[in-house]
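Common to both upcoming complexes is chain A, partnered first by chain B, then by chain C.
What follows is the complex of A and B.
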């Protein structure tokens, strides 16, 4: 099964909230000092799901990213995990793109890659938390879509996809090629192996520009956006926590129970 | 297309009743309608939806479109995209509202792409700019570390999903009048190639998280499956439900249906006890509406203490057994 996985580079979302900074004037997030950006963790889980399918059914995994600095680091990370090919889409014309433009660029690149059975995207990117790109790609390419996929199998030549819902799951059958967004219930992605890191570092990563993609100029970049960011701010929280103290943890625990009883909470 | 634009809510029905989350959406929709001077419409798809349609009018809908067809849990989602796109093409809404539910987050992006519309998921507040009449959309970003306010820039419809618990439920007013408009489903489904094979809704043991008055939630600090015994015991004594944060969910320590946070349930109980939870904004997104939050964490620097009303700095294995015993005595 040949799979294309779309991945995005984002500021490390695991930083403590105290380190999160933004500039309200320019409406931009300031990347935390000394902490390098990472592959979006949800996309890393999409790479993991692709690798599980490759382990079971064979085939080739191609990783796509848009990075206007032509940085190959997160593509190399996916290659080190076990993906086969990586392509970086980089062009000044892509700057300022919204989810629709991004999806258009990725859709064009997917068509240029050509042969594929499945396109996987993370459920959302942990920077802007939009959760849009996978679905828009499916619409652009007129392909069946399953969102929040936890597992994929092949049964009678069709994909059997398990979708996570709030209270359970659904199972869908879809013909290939198809698009799926990957749910976090996939679990921990594998770590790159030593050999994987070495072979990824030797791999050539092609850079594709707008002209390579037959992208529609009216659909990409800042001029194509369907909405405008008017404000970006850090919400103020006003809670004050009362720490229940005691000589021992046990004493504090007893006090907490009494306190809750007195407050009528229990 | 009708001569006057409207705000269209894509409603959800459970057991022939309008869901509480859709009732919240009606409050949000009504407010927009007043500011835009447009009528409020509600779309219901499913079987036996007449009673729900009548209820919707009392709750504030000027018009209810009813489409007799398979319910959401019996459908391949793209059928719904086709149905709703077809209705939007007939009625020309200015704003299309969903809740950020299984249905909303799945359908809204693809529907927006099909309609050439704008889209924003998981909004917590909507307003109309008094000067430009554009829709201002407030949405948590960066896992809840920041809030973004977006303004629509085109005259196309705006497709929105609203986070649950961001508005009060609409209250019925028996004097209200409205119109029920059955819509014939004339959708060409030959292009839809996917098929639903099975839907399983797990019976969450005990109380549903959304309805629980008390929730005890365990996080990564619990360290494994076995530590949840203490959490369950405390939940039982307090008559509460058990929640988990993302780490126990992804690690499979507890079933995913217990997850609370941005990628799980949104809850607002009277008492929320967070045990071994660091307090990532992604988790707090799901519980910050709780009336009283208790944090139990061995790390005094844990972010959860900034969000809690009461806290104990200590290892849960030392705190919980004593807390369980004391609560048992107090409640005996």
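What follows is the complex of A and C.
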């Protein structure tokens, strides 16, 4: 089974709050000094799901990312985990893209890669949490889409996709090729192996520019943005400590429950 | 001169650190309380490609240079030096020794399974009366027809209790002193071979040590490794590798203690502000960080010379002596910064504090390394 996985580089979600800073004027996140960006953890889980399918059915995994600095680090991370090929899409024309233009760029790249049975994306990127790219790629390529996939298998020539819901799961039979966004229920992604790191770090990663993709210039970059960011800010959270008294633990528990209900927490 | 890590080195560092967080830290506290080494970590490291980073690929290692291998050690020991040393000691000291002095048949037989984690190899030099002074080795090897007869005792042997194979040094002719020493391989199950754990340690409680007893063991002649009279020199090559990685491991525990101390000093409020805002705490943190940087570059320098096959006796002693003594100082300061909390094993600083003292002893004591440096600089020996 040949799989394409779309991955994104984001600021490390584990950075301490004190290091997270915004430029309110330009409405951008200021990259934290000394803390390198990482592969979006949800995308890393999409790579993991692709590797499980490769372990079972064989095939080839190609990893795509858009990075205007032509940074290959997260593609190499996925290769070190076990993916076969990686491509970085880098062009000044891509700068300022939103989910729609990003999806257009990725859709064009997916078509250029060609033969594939499945496209996987993380359920959302852990920086902006929009969760749109996978769905728009499916729309662009007129492919069936299953969101929040926890597991994928192959039954009778079709994909059997287990989709996570709030109170359980759904099973879909999906013809190939298809697109799925991957839920975090997939679990912990494998670590890159020593042999994978050696191979990945010495691999030449192709860089594709806008001209390589047959992309529609009106659909990419800042000029194609369809949503307007009005304000970007860090919410101020106030902490208050209130001691709930009670003669007995049971009495204090009841009072605590009443207080929490009054506060709208439960 | 480039002081930046390569992309490959960064990837190995990050992977090894995550491995340590996922596979070593979760069980460390309970294992240390029970003074238990969980040997399943050996297979896990092997399947991750971490068990034998410096060994040639033809024998199952990754074939990495010593700087990258030291970086991996630092990252793993960030969680525990004792566990890392117990897991990797086979591929480090005795396997390096075998690689240098063993016959091709011996290398093919033992090295690949050791690097795969299928076979636990221990190196045995130390005896009750022979520590830094190997001329005191009392284990005897007596030639009798077409075999050797071995008698003696070895102590403080990493994985001694669980080793499948032991590479040890014995005296073939007391009158020849160091020139009478020879190396041999003995496999568990050989009649006359026995082992037992050495428990009750106050340090290295997550590691694994045992003593070995050899009673009239008969070994075929082909079980000798290298030539008689060169055993100590051969062993020192493996010990040289162990010294590098012990230094890197000490750096790992020192870095862990600095990380924990910075975090704690920002969170712990006393006298109306975080303790990190007090000048005396800042002085300790500054000294910790500076010493760690100094140790790191001494280690990388020695590792680089070793990788390039350049003589590095003095530089390795600088690294081992300074890094382990620095770790001993830093771990104690980290416990002090944490106050009474630091004396419990819920914080990382406590178990690093316990392990740091052993790091100054294994692979040559601090005093031996000082004597080595002195000898190199003064061109005269203070010992035989």
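Quick note on the criterion: the second predicted complex is superposed on the first by the 241 of 266 C-alpha atoms of A that agree within 3 Å, B and C clash if a C-alpha of one lies under 4 Å from a C-alpha of the other, contacts with A are read in each partner's own complex, and residues count from 1 in each chain.
Just so it is clear, a residue touches a chain if its C-beta (ideal position, glycine included) is under 8 Å from a C-beta of that chain, and two chains touch if they have at least 3 such contacts.
Being a predicted model, the structure only gives us computed values, none of them experimental.
With both structures placed on the common chain, the touch criterion links A:219 to neither chain B nor chain C. In the superposition on chain A, A:166 makes contact with chain B only, not with chain C. In the superposition on chain A, contact is made by A:241 with chain B only, not with chain C. Shared-chain residue A:233: touches chain B; no touch with chain C. More chain A residues lie in contact with B than with the other chain of the pair chain B and chain C.
Contact with chain B, but none with chain C, is seen for A:139 once the two complexes are overlaid on the shared chain. In the superposition on chain A, contact of A:68 is made with neither chain B nor chain C. Common to the chain B and chain C contact sets on chain A are residues 188. Chain A meets chain C in the complex at residues 73, 76-77, 80, 188, 191-198, 200-202. Every residue of chain A that touches chain B in the complex is listed here, in rising order: 11, 13, 16-18, 20, 22, 29, 99-100, 103, 123, 126-132, 134-136, 138-140, 142, 144-148, 160, 164-175, 178, 183-188, 225-235, 237, 239, 241-244, 249-250, 252-254, 256-261, 263, 265-266. Against chain A, in their complex, chain B makes its touches with residues 73, 76-78, 101-102, 105-106, 109-110, 112-114, 117-122, 136-137, 139-154, 156, 191-202, 204, 214, 238, 246, 249-252, 256-257, 262-265, 270-271, 279-281, 292-295, 303, 305-315, 318-320, 322-323, 326-327, 330-331.
Interface residues of chain C facing chain A in the complex, by the touch rule stated above, are 6-8, 11-12, 15, 18-19, 22, 47-50, 53, 62, 64.
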